[in-house]
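Across the two complexes that follow, chain A remains constant while its partner is chain B and subsequently chain C.
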Partner chain A sequence: MERKIPLPMLVLAILGFCYLLFPILVVVLAGLTTGEFLTFPPKGLSLRWVISFLNSEKYLSAFFFSFKLALMTMVVSTILGTAAALFLARSRFIGRAALRAFFLSPVVLPGVVVGFALYAFFITSGLGISRTIWGLWIGHILYSTPYVIGTVGASLATFDVSLEEAARSLGASPMRAFRKITFPNIAQGIQAGSIFAFIVSFGQFEVSLFLSAPNSEPLPIAMYNSLRYKFEPDAAAAGIFAITLVIASVLLTNRLVNIRRLLERQDG
Partner chain B sequence: MTKALAIGASGLSQHQLKWLLVVPLVAFFVLFFVIPVGLLFATSFNPAKVGQVAVVSDISFDNYIRFFSRSNYLMAAGRSVLLASIVSLITLVVAYPMAFVIAKTENPARNTFLLILVLASMQLDMVIRLYGMMVILGDNGLINQIFQGLGLTDGPVALMYNFRGVVFGLVQFALPFMILTLVGVIKGIPPSLEEAARSLGASRRRAFMRVTLPASMPGILSGSLLVFALSISSYIVPALMGGFRVGVLPIHIYQQVAESARFQFGATIAVILFLISATAVAVYLKLGNRSSGGLA
Partner chain C sequence: MAYVEFSTISKHFGNSVAVADLDLQIEQGEFFSLLGPSGCGKSTTLRMLAGFVKPTTGTIHVNGRDVTALPPEARDIGIVFQNYAIFPHMTVFDNIAFGLVERKLPRAEIKQKVDAALAEVGMTGFEDRYERELSGGQKQRVALARVLVIEPEILLLDEPLSALDKKMREEMKFWIKNIQRSVGITTIYVTHDQSEALTMSDRIAVMDQGRVLQIGTPVEIYEQPASRFIAEFIGESNLLNGTVKEVDGAVSSIRIGTATVTGRLTQNSSVSKDQDVALLVRPEMIRLHALDADEQPKLTGTVAETIYQGSVVRYRIQIADQDLMVEVANRPDLPRLDMAEEVAVFWDADSGVVMA
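For the complex of A and B:
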């Protein structure tokens, strides 16, 4: 019996995975280097830059700023996104598909443009939140909520509505039927969606560009500002923490929902 | 009769309840997405005035005339479109074998592992990934060290701070989106199709070229459009990998607004970029592909 995957295809795929993953591995090694400057391969491994990161006012405060912002974003995105996903799954409203596309659209529209639009809007409307954490919060909610809608939508697609209808026909109120039947069935989808919302906000750069202020910047902006001028190994050490956070989140998501099913075709 | 009325009433209230679920998000999107972007459109039709942010009632097409009459900006638009097209093509070629291998890996644990690798790199902050790219592609970077070590080149080859570098960076950025789109489509092709071609005497390569590849066409199209929209919008990749030497539209927007306080002209470039990107997204949606589960 011949192999399912032809050898040339396998070789090309391995090269592709190297392209995708090698830069990430490089950051980890760069953050663990012994040398004063970033060289590759590293001269030796040490925790000196990790310690330097943990003592650096700039990166550590940016890390915690991002963490706080991502938590704030996660809470609102999860609530708004879950409610909207429920509506999209249950309504027979004719413009449902268009509404869904509208909610998902920020993900693929230029973040710099949306960030600029929000920045100008915050100034002209006199809301007084341009270049504050509140303005960033709003921008991040726009970009994180689509991921909650996608993830909760996927778990609703596999949930059998007739279960909830059965509870209703046995006399349960809509709230009670939701709490006792639907919610437990989609709870893991909601948790996975909220992790996505967190991590999308944590890594968000484009929309933050116009909205962040000097001295209270999210981590990607702080790293970008220093990377424009020189490579700092403690930035790579900050990167190691971010990489760990992302890997942990994806692994946790995988325990909550079946990633393979999540990524499969989903209609409506 | 009363029973029918009761059902009708409860049906109505449930119907209203459903709408309550979506109203908050609609309100949020209208207030913080539709209105700001709408105001940006309006700003682009205001006469240029340095430092002025507010929308005024004067209507002027000068910003658009300026954009379309200066070769500087037209070339930036052309460069952006060219860049995004090249990136779509290269990303497709690099991603297809990866997607194929993922789709054909039947062992669930191995399949999940590969998907986790793709998903984790997609979720990782682009600045961190570019840090790694810059270490690899820089003048004293890994690749130049290898080239010079092997005696292939005398001096360093400029792999970044130019157009080429931006392409390398954008492909790295776009790969996960393309892979996830393609995996769904390749998985949906019934294996019996290729088997039938094989049993009729087609060679393996021929069966792939004539059956599997054409059957992946919907994914190829929508993945390319998605990558086009994502890469034409990127600021961070041209900024770091191009070192501000590759003037694409997002870079021009930032320079006009943050450095020159020319809000009206910045808004004009932003509107043009938004329209190019939205067109690609609209065609993508028209194709009806949601194979990445709404995550892309």
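For the complex of A and C:
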């Protein structure tokens, strides 16, 4: 090994890594217990609760509801967030910094506040979307979009505007210049942003707590509700599936990006 | 009407004025340089012609057509940026083909034109490379090919050599000029490097603080600068302080210390008797020789410093209380002067320019 990492740094990094991985380990092992109750360390290992999860109408529907909601949120957040990031990066006006802070505020505000504010608004405005999937969707979009703005904004910050100008003076309309030059160069940022949006929505709790309907609960809410009454390990088993889904989505999109890269290089 | 015509163009960014009341006429096929210090508004001027920046006031005409309100893609102007702006996700081939694809040319024709452009800039064989696989000089060639292949009406170059090392810069200077001459394209070249402007241009506009100070051929700009600022910005100059003793048409006698020398007035400038002026003399225009006993030269000085630079030797000569830099070719027939030696100082009457 040529590159030497100083020992204290290495130790710190390993500790940090363990700290981050430990909760995942707890959930996975707890979900694989043979015992009746959620414990750590688990009492023996079995697939008992995983099978129970797969047979549980309540958890499965919550899992797929969350999946659907995260996909819907991802699509809208990606479009809105990309547009907002482009606007923030390209236009010069007084109050731009303030507007950026405003766009990013759902991330810094406590989720409880965002959830409660939306709930109060939906109720009092009489829009008829409080505690429906539409209201919940709006809440999730609001909460996920800043992540897209952040990642796309970061990739736009390193994107050289003269590339777009070069395309324009070579005859491309603004739309074509965006599609052929800007988009491919910020695609990584959009990609990362959309994964973020998906994951954030899939794991969202506070906003969902206020906005979800009793009969269609996202997975985190379903887990919470079930754990309130009985401390059963199928919640942990549900957690295993949630973690798997998130990891799979990250890996899959990475894979898709690479394939797209390959295709791009082949057509002349 | 000239081929490219800026009429009372100005550009304000908020309260700051980047370009003020600019009038320029550029002829077809001309190599025209905008020269000036950093921040003087050169790029802004170029970008207004390219269509990236909207002028605050004024109009721009190209080939008799008012282009002031046209978007960049409707202008038929090619621009090479300082950082070349090669599309990083495309091969060299696709970069050069970009403008042709936008013009919806048939595939075979695109291939043929791109190949020809690659050959013209000496980059045949590089079609499959990406930007990150090219050197600075190669990027420059690709950027130029990408623009020339669409045969634009005007070629704009914004400090295209500033990212290259010195040797490459010297080489590309002549290369660009040669390509420009063989294509015959009207070219506007932005630079803050006076030697680039002098070497390449048919005409130069010297700018400062958003204004054009002087427009002329390299010879005019160098030999008849309109102001001290231009004289000092272009090349190296000695500015000797003196007073006007006598004015006779375009020639005047200037008293410097106890000596009297003659200087020539530039066009449109006038001085009056007893006025304090500066006399501009370029270092290479001055001749020196050791003082003979029976000689009565107009101007004498002492050698205060000798700087050997290989091809030339530079002397700092003290005349009364003023310094004069003199550059002498390093030739065996020109005598070397010693420190503290008394020397006679000469220049042709034409070589001294009086600056008000």
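Everything that follows uses one rule, which is that the second predicted complex is superposed on the first by the 224 of 268 C-alpha atoms of A that agree within 3 Å, B and C clash if a C-alpha of one lies under 4 Å from a C-alpha of the other, contacts with A are read in each partner's own complex, and residues count from 1 in each chain.
Methods note: a residue touches a chain if its C-beta (ideal position, glycine included) is under 8 Å from a C-beta of that chain, and two chains touch if they have at least 3 such contacts.
The structure displayed is predicted, hence computed values, not measured ones.
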Decide which partner touches more residues of chain A, taking chain B and chain C as the two options.
B
Applying the touch criterion given at the start, work out whether A:C18 contacts chain B, chain C, both or neither, answering first, second, both or neither.
neither
If you stack the two complexes on chain A, which partner ends up touching A:A213: first (chain B), second (chain C), both, or neither?
neither
Have a look at where A:I123 lands relative to chain B and chain C in the superposition and call it first, second, both or neither.
first
Quick check on the superposed pair: does A:L252 touch chain B, chain C, both, or neither? Answer first, second, both or neither.
neither
Just to be sure I read the superposition right, which of the two partners does A:I51 touch: chain B = first, chain C = second, or both, or neither?
neither
Which of chain B and chain C A:G81 touches, first, second, both or neither:
first
Just chain B (first), just chain C (second), both, or neither: which does A:R228 touch?
first
Going through chain A, the residues touched by chain B and also by chain C turn out to be 174, 264
Show which residues of chain C lie in contact with chain A when the two form their complex.
50-52, 71-73, 75, 77-79, 81, 83, 85, 87-89, 93-94, 98-99, 102-103, 146-147, 150
Provide the residue numbers of chain A that touch chain B in the complex, in ascending order.
2, 4-6, 9-10, 12-13, 16-17, 19-27, 30, 38-40, 80-81, 83-84, 86-88, 90-91, 99-114, 116-118, 120-121, 123-124, 138-139, 141-142, 145-147, 149-151, 153-154, 174, 196, 199-200, 202-203, 205-206, 209-210, 219-220, 223-224, 227-228, 231, 235-236, 239, 242-243, 246-247, 249-251, 253-254, 259-260, 262-267
What does chain B use to touch chain A in their complex?
14, 17-19, 21-22, 24-26, 28-29, 32-33, 35-37, 39-40, 43, 53-55, 94-95, 97-98, 100-101, 104-106, 108, 111-112, 115-121, 123-136, 140-142, 145, 171-172, 175-176, 180, 183-184, 187-188, 204, 208, 226, 229-230, 232-236, 239-240, 250, 253-254, 257-258, 263, 266-267, 270, 273-274, 277-278, 281, 284-285, 290-296
Any idea which chain A residues touch chain C in the complex?
160, 162-163, 165-174, 176, 180-181, 184-185, 264, 268
